[in-house]
Every structure is written in structure tokens, then in C-alpha cells.
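Data first, discussion second: the structure below is written as C-alpha cells.
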Amino acid sequence: MASVNSIYGLFADPDAADRGVNALRHAGVAQDQIVVMSSEPHEGHAFSLLDHKTIMPWLAALGGVVGGACGFLLARYTQVAYPEPLITGGMPLVAPFPSAIVTYELTMMGAVITTVVTLLITARLLKWKQPLYDSEISYGKILVGVLGPSGAARTDLENRLRSAGAEKIKTTGQL
Amino acid sequence: MVIDLDRCTGCEACVVACHAENNIATVGEDQAARARAMHWIRVERYYEGEFPNVKTKFMPVPCQQCGAAPCEPVCPTFASYHTIEGLNGQVYNRCIGTRYCANACPYNTRFFNFYNPVWDKPLDLQLNPDVSVRSEGIMEKCTFCVQRIKAGEVQAAAEKRLVKDGEIQPACVQSCPTQAMVFGDLSDPESEASRLARSNRATRLLDELGTFPKVTYLQRGSWHDNENA
Amino acid sequence: MLFYRRNFKSWIRIAVVMGIAGLAGLVVEHGLAAQDQSAATAAPESQVFTPAHPTVWSAVQEFFNYRPQPVQPIQFTHKVHLANGLQCVMCHVGVDQGPDARIPSDNFCMTCHRVIATDKPEIKKLTAYFNRGEDVPWQRVYGFLPSAHVKFNHAPHIRAGVDCSKCHGDMTKQTVAVRAVDHTMGFCIECHQQRNVSVDCVTCHY
Amino acid sequence: MTTKTPEQINEDLLRPLEGTSPRYLAALTFFVLVVLAGAAAFLHQVYAGLGVTGLNRPVFWGFYITDFVFWIGLSHAGTLISAILRLSNATWRRPVTRCAEVITVFALSIGAMFPVVHLGRPWLAFWLFPYPSERGIWPNIRSPLLWDFFAINTYLLGSVTFLVLPILPDMALVRDRTTGWKKKLYHVLSLGWTGTPRQWSRLEMAMRIMAVAVIPVAVSVHSIVSWDFAMAPVPGWHSTIFAPYFVCGAIFSGIAALIIAMALLRKFLHLEDYLLRIHFENLGKLLLVMSLLWFYFVFAERLTTWYGNGSSEMAVFWPTQSGSYAPLFWAMVVCNFVIPFPILAIKKLRTIAGTVVASIGVVIGMWLERFLIIVPSLSHKYLPYSYGSYRPSFTEIIITVATFAGLAMLYMLFSKIIPIISVWELKAGEVTETATAPALARPEQVRAD
């Protein structure tokens, strides 16, 4: 943790956190340097809309199509794989309704798997060593901070965060 | 197969022959009382009329070897399937014992090995080496004595000829003292079985279910008869 | 006197001794009962035939397809016999006639070995069997497991011209037969397909 | 509820994770012992053969398949209800969803076990998996059991993710509030959750997609379970009404199970301030609707059978109405309709205790329903010569009982490891005010400064 330079303020009030984010923006901090963390989604607050855009539903739909295609091919292939036709009950080898059921189930499975994988990747999960974290978040605080600020801007950023309503200002790394 | 019910006397020779030919285990009194007896062919007995004018009717019921068998598609492992020759094959080693086929079978002609079968020695020496001995957890049923069919085909192939009509006989057909049963190739219109199956005395068991059974029962007084009269 | 005048400590001592004695008695009785039981179960076991596995362990072994190579009573050399110009069908006379290839009786072996190589230790073993009027207890090498429910017939394969070595390996290099080829279902099906023979399940499984 | 601060919520909901009482350990031990007894019974069955059950010809399916259908039905408690409530944005759902989803995952796992338990040769169950082998024979897609295999796996995967995804923030919460090995454990379990807006919005989106995906899957699962029966030409089974009938019954028993579970959690984890009467009342209303729907389906099914008067159908119909299975049938009607209907319809009776009584009735009634669908039909198949009957054996009963203990055991263990009420969702629900803060300055606007 200590290897990363950062300045952050802990806010109790989500409105103040909104102001804090704005203050950092006005200080000229780039979008990808601003870090916000909270123990609740705080829907309706402006900062909750950061990084809001995602193509997850389209990816899920695509995953569903791929899964469904796999399902149909599996249903088809497994019935004709044996060199001699395995007829049962006078049904066609690739029976339409059963194949449709398997196709449907694997469509859904494809969509579910794609959603989970997309979530894990785009939400940057499965990275247990996060560069910046403060366990006070779990006590209801909202963290607004800057990753890798220049040492010169330190006091300016601290002042801006404080005037936005930060309860505590903390720094990590060598600043 | 064609079974003439007017000839059947209910002697159950077919049942005994089937047990001997196909290594069917006798489960013992206790298990039989719990409805776990296995008879690939059974003689159903029905009574008609009021005492004392009672008439008994016998109906031997083997596996009907349906053309569109309900037991086949429900098997998840292809243990139950349709052979090229049109039999309902039962592949013992592939059976995992879901017993779904037995539920789907409208004729109740499928039998489950609830325990491992046991033969008192030296009765195991009379086991037919051409038929495998099924163990616990396996579904079994009438095969139309597929071992005899295969042996007949091998013999015919060795002699470089086709199988003759009536050359192959399942154990039940062979043992029937009144010759009520006839076995033959239904796909050959000239065979004796085909000829009898076209008779106007012909009926099929639970025909209305659309299973296309390959066992034909011949009897007088059927509605076919009245229609034609 | 002896009983009611004792103090607490000695009562405990008595209790401990009686407890140990009781336990010992239980152990002995249990052992006897177990012996009884094994005698009771062993006897009928030998009197019935069942496809059940004798032990759980054997069932596990079969599940994982573990089959040790059998040990033959006599180190019969296929190599030498074939090198001396014998053909497979000379001894395995049933191979083109029925399901079983057949192994000749020691009577058949002795037609030659009364005079040939009588001084070899393995032949002496054979002669001993013959003199006792016993068959040689050959161990099965191939053969499908009962749970495979396969009925194999040698004759049609020989008639179709399948070479013995296809399934049994090169016998000119083996002494006693060993499981040189793995008889899996894939192995059978591959050949059946190549030769355009039926691969219907009931061709072999019934 | 509104009086609770976020810190109090944390305290209340994380308390069960902090220690165990002797009473908890005693109950857990009891359930573990019952589960072990069930496992022993199953091993005995594998060793001795399926003959130790009461099954026979023609009743080849009995208690195990009843349990299978029952547990799969019960699994519709969670994910389906929770998904519907999520999509309809019902705010009262927040304390309910997780304990419902847990029932789904565990009941489904237990249910999925039964097709293996009932096999004649369970060690070959892996043949149901479509995997390539040198035999060239794959599973038969045409078999309804294979549809089950695919449907249950999809549903299990879906409901596990549906349960696990919203747990991640709570895992992070627990991680921050504990020390030592527990902190390490929860650090791993939280998958590195920090709570950035990006994570929150992705989670929200994923949950919305999952909710949309899981509802049709849940419907399909129980339809397919019903098709296990409806595909076979057995009188009483071969019916087009079965799929909706089973789905309805599944939701019915699922809600009942959820109400019972919630009542128990409320009592034993002291969650009186979170699981309120309104939750029981709302679920009670749902249960009432399902009870009426269930009655409608039973009536429709019975009516068409009776009116059609087919001889083979009537051979199954009469034993259930007035013959040997009649006591069970009418007990089912009492449990599923006569008891719950008045309790749930009269507002005064729709209390916590009232809904629990109704729910217990429904769970028993629905188990009976599954039994009555399977056994009478099998014992009266077409040819009267082969009619049969069925009596369960001790082995089947002990395994059935063990699965109930198994659910209790899994539930108890789960509630010790993970907060049974979603902490962050509850806190998020507390925030009612709308944002009045200024919108964020756009980056280009900032540059113009």
C-alpha cells in the first residue's frame, strides 16, 4: 500500500463526497486518477455515476447466443456421434423439441457465465492487492482521493478536500 | 411374433423355458411377495362371467418390442434403444438403473434387479453361457432371445445364405406345446409371422397408445371379426 | 463381612477389576462370535453363485479397470512352439468353430511331450499334472469382465480373416500369453467400422 | 427500521458471525448426526442393492423421486421470488432476498442429489455428463433426465451467482471488521472488493441481467421436472397441464419454505427489527394467490380426467379420490387449501404465527402432492394384471428425513459465515432522500476553467 502515492479524504456525507469529487476535478486531476470508494452504492448521488457505462448486457446476449449455438451443436453431435444411428422411440436422430430444450438451457448458461466473467473483469475484481484502501469505509465513510498526485499539488489538494467537507485527510506513500 | 390366444392353455411352459434360456434369477418367496419377481414372459389370467359360468382367458405377455417404444427415448444413456433389426435392445452394461424405462413401459414388461441374483450351487452350471448374468441395479427384459437370433445369423453367414423363416425360434416359441406362438421376420411379407399378423383375427395389446407393438395376438370374437362379418 | 466392611477405595478397585474382566469377556465373546459368523457366512458363500463382487475392494478395482496380469502354473512358451512350426489352430482347435478358442487338455500336450523335452522343469510340472490326472489350472488372460456383458464369438472373426495378432499381439514373442492389446470398446468399434461390420449394440452386448 | 443507524445495522447483522452459543452447537450436532445417519443409509443401499427400498414392480419410483421433485420445487423459494422482487423494485424485498436465495442454493443441491441416490448403479452417474469417450456413445439428449441435468446445472449456476454476487460487498465489510485468520479468509472471499462506483454499477447491472436470466430458467427447471412425468405414457402423468401445474406448486411450496425459514431466523438470530410483520404479510398474500392458483390447477386437472372418463385414467383417479390413496389426497387438500386459505385471506389471522402455520401446512401438503402424482399412477398402469402398491422402507424414510436435517445444517453453517441479511442492500434502502448535490463538473468544462 505504501508504495503508491495518494491523498484521500474520508467523508461522512455523500453530498460532501460529491463536492469533493468536483473539487478534485476543478484542481485539474485527471479522471482516471480520482478514486471513490463507499460501502453502499449511494444511488442518486452524482459520484455513483462515475464509470457508469457498460456493454455488459450486450456481452451477456452475445454469450447467450454462443452458449445456445454450443447447446444445439452438442445436442446434434451427441446424437449422430455413434457410427450406427441410435434410434429411440421412432424419433428422428436430432429430435427438434429435446434439442430446443438443451439449446435453451445452454443459452441461459452462456449468458450467466458471460455476465459473471464480465463483472469480474470490468469491475476489476479478483485483484486482492488493491493499491488504495481504507477500512474506515466499512464504518460508513466515503473515500474520495487522488492516485499518484504530484508532491507539489499536495497542500492544494488537501485544502480542496477539506473545504469540500472531508472529515479526515490521509496520505500514503512518499509525498 | 404372433401369439394365438385361442391355442394358449396357460401351461406356462414358455415362462419356464424363458427362465432357463435367459438366466433369469428366481428372487425367492420374500422378494416375490414384494412384487419383485422377474418373468420376461408372463401369462396373464383374466376371468369372464359369474360363478359358476366362469371362463378363464390366458394371455402370454412378453416384451412387445414396440416400433415406437416409450421405454427407449427416456433412457439417458442409450441403454434402451432400437436395434437396426427392429428389436428393443437393452444394453445391460450401459444401464445405470434410473428405472425410467420401466415406468414408461405401458406393458410392465421390464424387470429390475433389486438385489444381486443368487443361484444355489450347482444350479449355476445350468446357466446359459450365451446370455450374460445381470447384476444388481440393472434393468432387463425380453430380448426375443437375441442370442439365438445372433447365433442363427452367424450360422447362416458361415454357410453363405440368408436366415430361413422359422429357423430361429426363441425359447418360449420352441417350448410351446400347442404351438400358439410363431416367430418370424415381420419385414419379410412372406414369413409365417407376417402372414398371421395380417389375419383378421389379429389384435395388438394397447394398440391405442401408438406404440406399434410387434407382438400380434390372434383371437376370435375380436371387433375386427365383427367388422368383417 | 467381606462386602459391607470395605471402604470406598476398595469398592473402586473391585469395580475396575470387574470392568476389565467384563471388557475382556466381551472381546473374547466378540472374537468367538466373529469366528462363528465367518464360519456361517463362508459356508453358504461357497454354496451359491452370484455375480456380486466378493469384496468392496474388488468392486473398486474393477471400477478403475485394474486387472493384474495372471500368473500361470506353467511357463508355457508360445514363442518356442510357433518357432517350431506349429499353427495357432493346431492347439486352439475351437477358434474357427465357436465362441471359445479352447485350450487343449494336458492329454493333448502329452502326445508330444511324452518324448520331447521331458527333462525341462516346466514339462516335468506338466507331466506331474498329467500323472495326477488333473487339468492344468490355466488362468484366464483376456476375457471380458462379467460387468461388460459382452458375448464374444471367435469363429466369425476367424472366418472374416482377422489376424490373431490383431487382438492377441505377436505371439511369436510371448512366452505365456499376456494382455498385449487393450480390448476396449473403442478398439472393437474401430475394427468393425473399418470392415463395415455392424456396430449395433446388441451385436456384442446381450 | 428507520431508527437504525448504519452502524447499528452492522452490529445487529454481523453479530451471528461473532460467536456460537451452546444451543447452536447442540442443534448443529443433532442435525449433523441425522445427516450422517442418512449418509450411512445411502451407503448401505449402495452396498446391499436397491432392494432395501420399498420399490417394486410396477412402482419403480417412490420416495426418492418424490423428494427430488419436492426439493427442486422448494428451491423456487429464493432465486425466482427474489428476482421478481428485484425487477419489480419492491423495496420491502431487501431483508428477504438473501435468506430466500440461500434456500434455493441448498434445496437445489439437495434435490439434485436425489436422481443419483435413486440410481440402481449410482457409481455410473457420471455417464449423464456429456463427455467424449472412446465408446463413441454420448448421453441421450432425447431423455427428459438429460434435460433435467442441463436445467438443474444451469439453475444451480445461476442461483449460486445470484446469491454470491451481492455477498461480495458484505464480505468486504466483514473483512474490515475482523482480525487474524478470519480477516485473511474474508479478504480472499471478498475477491478484492473495494466499493468503487465502477464496482457498484457493474454489480447492479450484473444483478439486473441475472434477474432477467434466472426467471425463465427457474420456470424451465420445474417445467422439465414435470416433463419427466408428462413424457411417459402413464395414465395420470401424460398431461399437458403438468408444466404450469408444477411451476405453480413449486413457487407455492417455495414461498412457504421461505416464510418458515424467515420466522426461524427472526427468532433465533434476534432479527425482530429487520424481518417485520409486513414481510410475512406480503409473502402471505403471495402464498394466498399461489394457494388459489394451486387449487385451480388441481380442480382443472381432476375435472378433465373425470369428464374424459378414460378407463385407464379413471383407474388412477378413483383410488386417489375415494380409494386407498384418498386419506393422503384429502390431507393434501386440507394442508394446501383448507388450512392456508382462511388464515391468509383474513387479515387478522395473517400474522407471523398465522403465516407460519399456513406455511407448515403447505410444505406438508406439497410433499404429499408430489407423492400422489408419482405413486398412484405407477401402481395403476393400464394392464390390471400388473397393478401394485408401495410402502416406503426405513432406508427411504431415513434418507428423506436426513435431507431436511441437511438443509437445516447447511443453513445454520451459512448463517455463521455470511450475514443472512444483505447489509449493504439494507443500508442502501435506508437512504430515502434524493440527491440534491450539484452534478459533477464535466471534464471539458473543468478544462475551460
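Letters A, B, C and D mark the chains as written, and numbering starts fresh at 1 in each.
Definition applied: a residue touches a chain if its C-beta (ideal position, glycine included) is under 8 Å from a C-beta of that chain, and two chains touch if they have at least 3 such contacts.
Because the structure is a prediction, the values reported are computed rather than measured.
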item: Chain pair with the higher count of C-beta pairs in contact (A-D, C-D); value: A-D
item: Chain centre separation (chain C, chain D; CA means) in Å; value: 50
item: Chain centre separation (chain A, chain D; CA means) in Å; value: 29
item: Rounded Å distance, chain B centre to chain C centre (Cα mean); value: 35
item: Inter-centroid spacing, chain C versus chain A (mean Cα positions, whole Å); value: 62
item: Overlap residues in chain C, where contacts from two or more other chains coincide; value: 189, 198, 200
item: Contacts with 2+ other chains: residues of chain B; value: 70, 73, 75, 78, 81, 84, 94, 116, 136
item: Residues of chain A touching at least two other chains; value: 82-84, 86, 88-89, 91, 95
item: Chain-level touch network, classified as line, ring, star, complete or other; value: complete
item: Of all residues in chain C, those that touch chain D in their complex; value: 56, 63, 184-187, 189
item: Chain B-facing residues of chain C, complex; value: 46-52, 99, 146-151, 153, 155-156, 159, 198, 200-203, 205-206
item: Touching residues on chain D, where the partner in the complex is chain A; value: 6-7, 10, 130, 136-143, 146-147, 150-151, 153-154, 157-158, 161, 165, 168-169, 172-173, 175-177, 187-188, 191-206, 209-210, 213-214, 216-217, 220, 224, 424, 427-428, 431, 434-441, 443, 446, 449
item: Residue ranges of chain B in contact with chain D within the complex; value: 31, 34-37, 42, 44-46, 61, 70, 73-78, 94-100, 102-104, 106-108, 111-116, 136-139, 206, 209, 211
item: Contact set on chain C toward chain A in their complex; value: 189, 193, 198-200
